[in-house]
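The chains carry the letters A, B and C, assigned in the order they are written, with residues numbered from 1 in each.
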Amino acid sequence: MVWVLRAGGWASVLVTFGIVITLVTESWPFFREVPLIRLFQDTMWTPLFAQPQYGIGALLAGTLVTTAVALLVAIPLGTILAIYLSEFAEPKFRDWVKPMLELLSAVPTVVYGYFALLSLTPILQKIFPDLPQFSMLSAGLMMGVMIVPYVTSLGEDAMRSVPMLLREGAFALGDGKLGVGLRVVFPGAFSGLAAAYVLAISRAVGETMIVAIAAGLQPKMTLNPLDSAATVTAFIVQVSLGDLPHGSIGYQSIFAAGAALFLMTLGFNLAGHALRRRFHRAT
Amino acid sequence: MSLSPDNARQSAPEPVVSDSKALPKVQIRGVNFFYGSHQVLRNVSMDVPALKVTALIGPSGCGKTTLLRCLNRMHDLYPGNRYEGSIQVQPDGTDILGSGVDPIQVRMRFGMVFQKPNPFPKSIYENVAYGLRLQGMNRRRELDERVEKALREAALWEEVKSRLHQMAHNLSGGQQQRLCIARAVATDPDVVLFDEPTSALDPIATSKIEELIVELKKRVTVMIVTHNLQQAGRISDMTAFMYLGELIEFGETNRMFTNPAKPQTEDYISGRFG
Amino acid sequence: MQPELLRKLQEGRARRRKAIDSNFRRLGFFLTLTTLGILGILMLNLAMNGLARIDWQFMSSFPSRRAGEAGILSAWVGTLLLMLVTASAAIPFGVAAGIYLEEYAPKNRWTAFVEINIANLAGVPSILYGLMALGLFVYQFRFGQSLLSGGLALGCLVLPIVIVATRESLRTIPSGIREAAFALGATRWQAVWHHLLPYSTGGIATGVILAMSRAIGESAPLITIGALTFIAFLPPAPLISHAPFVSVDWLFSPFTALPIQMFNWVSRPGEEFQSNAAAAGLILMVITLSMNAAAILLRRRAQRNITW
């Protein structure tokens, strides 16, 4: 019977193996043909053109800006909510609110994309009249809302594991709740919070549908959030929507983009895991 | 030698005045404490003399720690607690259990050292400076002076003066507890409350802290909860014996240990229960 | 400093700290309601734009170039069949892996590696599962752009969720139970089968529901393996009228799914397609929210019924 279980244990390893092998073998031809230097030298990403350009910076810019906008919303808002829920809110309130917040992260991302494009963008256009139909601002803000529960949930868990004894020391000196929360609990929970932030970054970088629907599908080398642009993930979607014969340049290019994406999120995931382990060891 | 409720009720304590002529530092009058509907303290009254060490002793569950934590309103941090009675602090006579009194302000007048050392995840310096900053001190030179003074009072200065900016959790258990003492005395509180401060420490660390407390009482009033009768005998001037939420006997330590007035006190001190 | 002056200063500080605390409490409450309110606004928006569109015709029609005649028949049938494949892949392997890692695996470097691996997989973007499925299932294994490829892709995607949920619910069982079973002479498998699994079914079921809820809403991996083609037919039925009465042809059929259909309609201009999209989105949200709510209630009941 145990061999059945052991087979299950191997399943997760096989999946990783599958992802890595596929990304490597299918993108290998691309990297063999395209000199690495062009990825950084070229200014546009148009691998399917007759005169292809391979500046992956155009895609990375899109990912960078949308992620930055999302984090600018998610990290402050998520942290404030985490401090509030952990240090101020009544336990009963917290018991209801936490699962409801987690619902926010369970919404299908295509629904968020719909909302960003058709509801959020018109509102933003009232503030920024020149805002185009597709913009990184709109997609980024929506992503931020989706990511808040990651920050709040993990952050609040981290803060609540700081022992009450530590807080009492600060209260006994005459500090108030927010003071204790910011000066004692926050530093005490820091690696847990850092893990939450890093995992939020990873989530934002890997998001696909919201940016594909609301930020646009045309790669553009721009850092202006009021522009439309394609992210690494949106590019993969855009090419997949068309004809994709096995082994064609389009086929290879999405695996190349996928390989880049995998490396980025791997880095963030490993960092987040290490931070979380360090936090659990410290408490 | 029974401990029936009748015995206890007959000897309902009146406010026991200490034999010092000076005004007592803290006057506890008729304090009841409820945790939800469960009554933990019953009609406790005593005068805590200034600049002396007062020990609270008694078996587990007798309410000594609960009483201590009433003094700096720590129970306010948890829901479901209720105070009755009054606790007046001299020389101004403020009743710290009063409804208009802010617990934060009360806690600035009382220092507390806990059973387990609980230094903040900060440097040694910043641990001691925490309370000072809360009181508005932020000039570097002033802070440096006060931090050094507090660490000297806690007999820790020599050991840490060359590493003030290292993290506090690198210190040993005994050193951490002395750091917590320094932190508590840095702000010149009126009274310092010790809640079984040496129960988690080895004998050497314990004796260092006991020496410290005897020194400290020259400058501040001390109240200490202890499970260790010998410790109470070693360092305290006055002793209060509590049982099942009531104050059974309160008086000079020497007399109480050699010639206790109440039978329950004698039973506890001679080890017949506890 | 004079005691009187010190008192006054302390009073001032205490009052300020109290004011800061109550202001922050108000801020936190407001932000909590606002953030949750966004969820409500989303639902309201979808309902306003799409509720009217949902009727029998909508549920039983294929997509069409004419918005008014389009429907989600192929989409919801596709989602259903897809979930069948996903569940069959993810649940057995996930639960088995969870049991193995929690109860059997020795604490060595290999196990640590597997744990890091699962943590990473949980954070791998969903579209990369699609790429893997494209290279491996669609082409290498020659499953084609089919329900099998899509279901396996989603199965791999939600595998970590099932594994983690299984491990966590096993972990909450105190070690005393295991020790009691072993002391009576049970093998490890008997301990698991007779004692541990029965107590952890609540937690495992919760994890499974959350995993399936996640899978239903995913579109990126399916787009990548090519599920977006205009599907105006249903996959062949799994049950057939002659021997051997079950068919596997449906596994290799092209397909579409609810989130794909919504994505398709969102990308088209015109208000009617937008209300189609809203209708599909509303259905998706209702499914997702009810599954999540069920999982939360299940978790609560499981925690209440068994107290250690």
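Criterion: a residue touches a chain if its C-beta (ideal position, glycine included) is under 8 Å from a C-beta of that chain, and two chains touch if they have at least 3 such contacts.
Small disclaimer: the values here were computed from a predicted structure and weren't measured.
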| item | value |
| --- | --- |
| B-C compared against A-C, more contacting pairs | A-C |
| Farthest chain (mean CA position) relative to chain C | B |
| Whole-Å gap between the CA centroids of chain B and chain C | 53 |
| Gap in Å, rounded to a whole number, between the CA centres of chain C and chain A | 17 |
| Sites on chain A at which at least two other chains make contact | 174-176, 179 |
| Residues within chain C bordering two or more other chains | 10, 13-14, 17-18 |
| Multi-chain contact residues (two or more partners), chain B | 104-105, 108, 134-135 |
| Touch list for chain A against partner chain B, complex | 163, 165-176, 179, 183-184, 187-188 |
| Parts of chain C lying in touch with chain A, wherever the complex brings them together | 10, 13-14, 17-18, 20-21, 24-25, 27-29, 31-32, 35-36, 38-39, 42, 45-46, 92-101, 104-105, 114, 116-132, 134-136, 139-140, 156, 159-160, 163, 188-189, 210, 213-214, 216-220, 223-226, 228, 259, 262-263, 266-267, 274, 277-278, 281, 284-285, 288-289, 292, 296 |
| In the complex, chain C residues that touch chain B | 3, 7, 9-11, 13-15, 17-18 |
| Residue numbers on chain A that touch chain C, as the complex places them | 1-2, 4-9, 11-13, 15-16, 18-19, 21-23, 25-26, 77, 80-81, 83-85, 88-89, 97, 99-104, 106-111, 113-115, 117-119, 145, 148, 174-179, 199, 202-203, 205-209, 212-213, 233, 236-237, 240-241, 244, 246, 254-255, 258, 261-262, 265-266, 268-270, 272-273 |
| In the complex with chain C, residue positions of chain B that touch it | 91-92, 102, 104-105, 108-109, 134-136 |
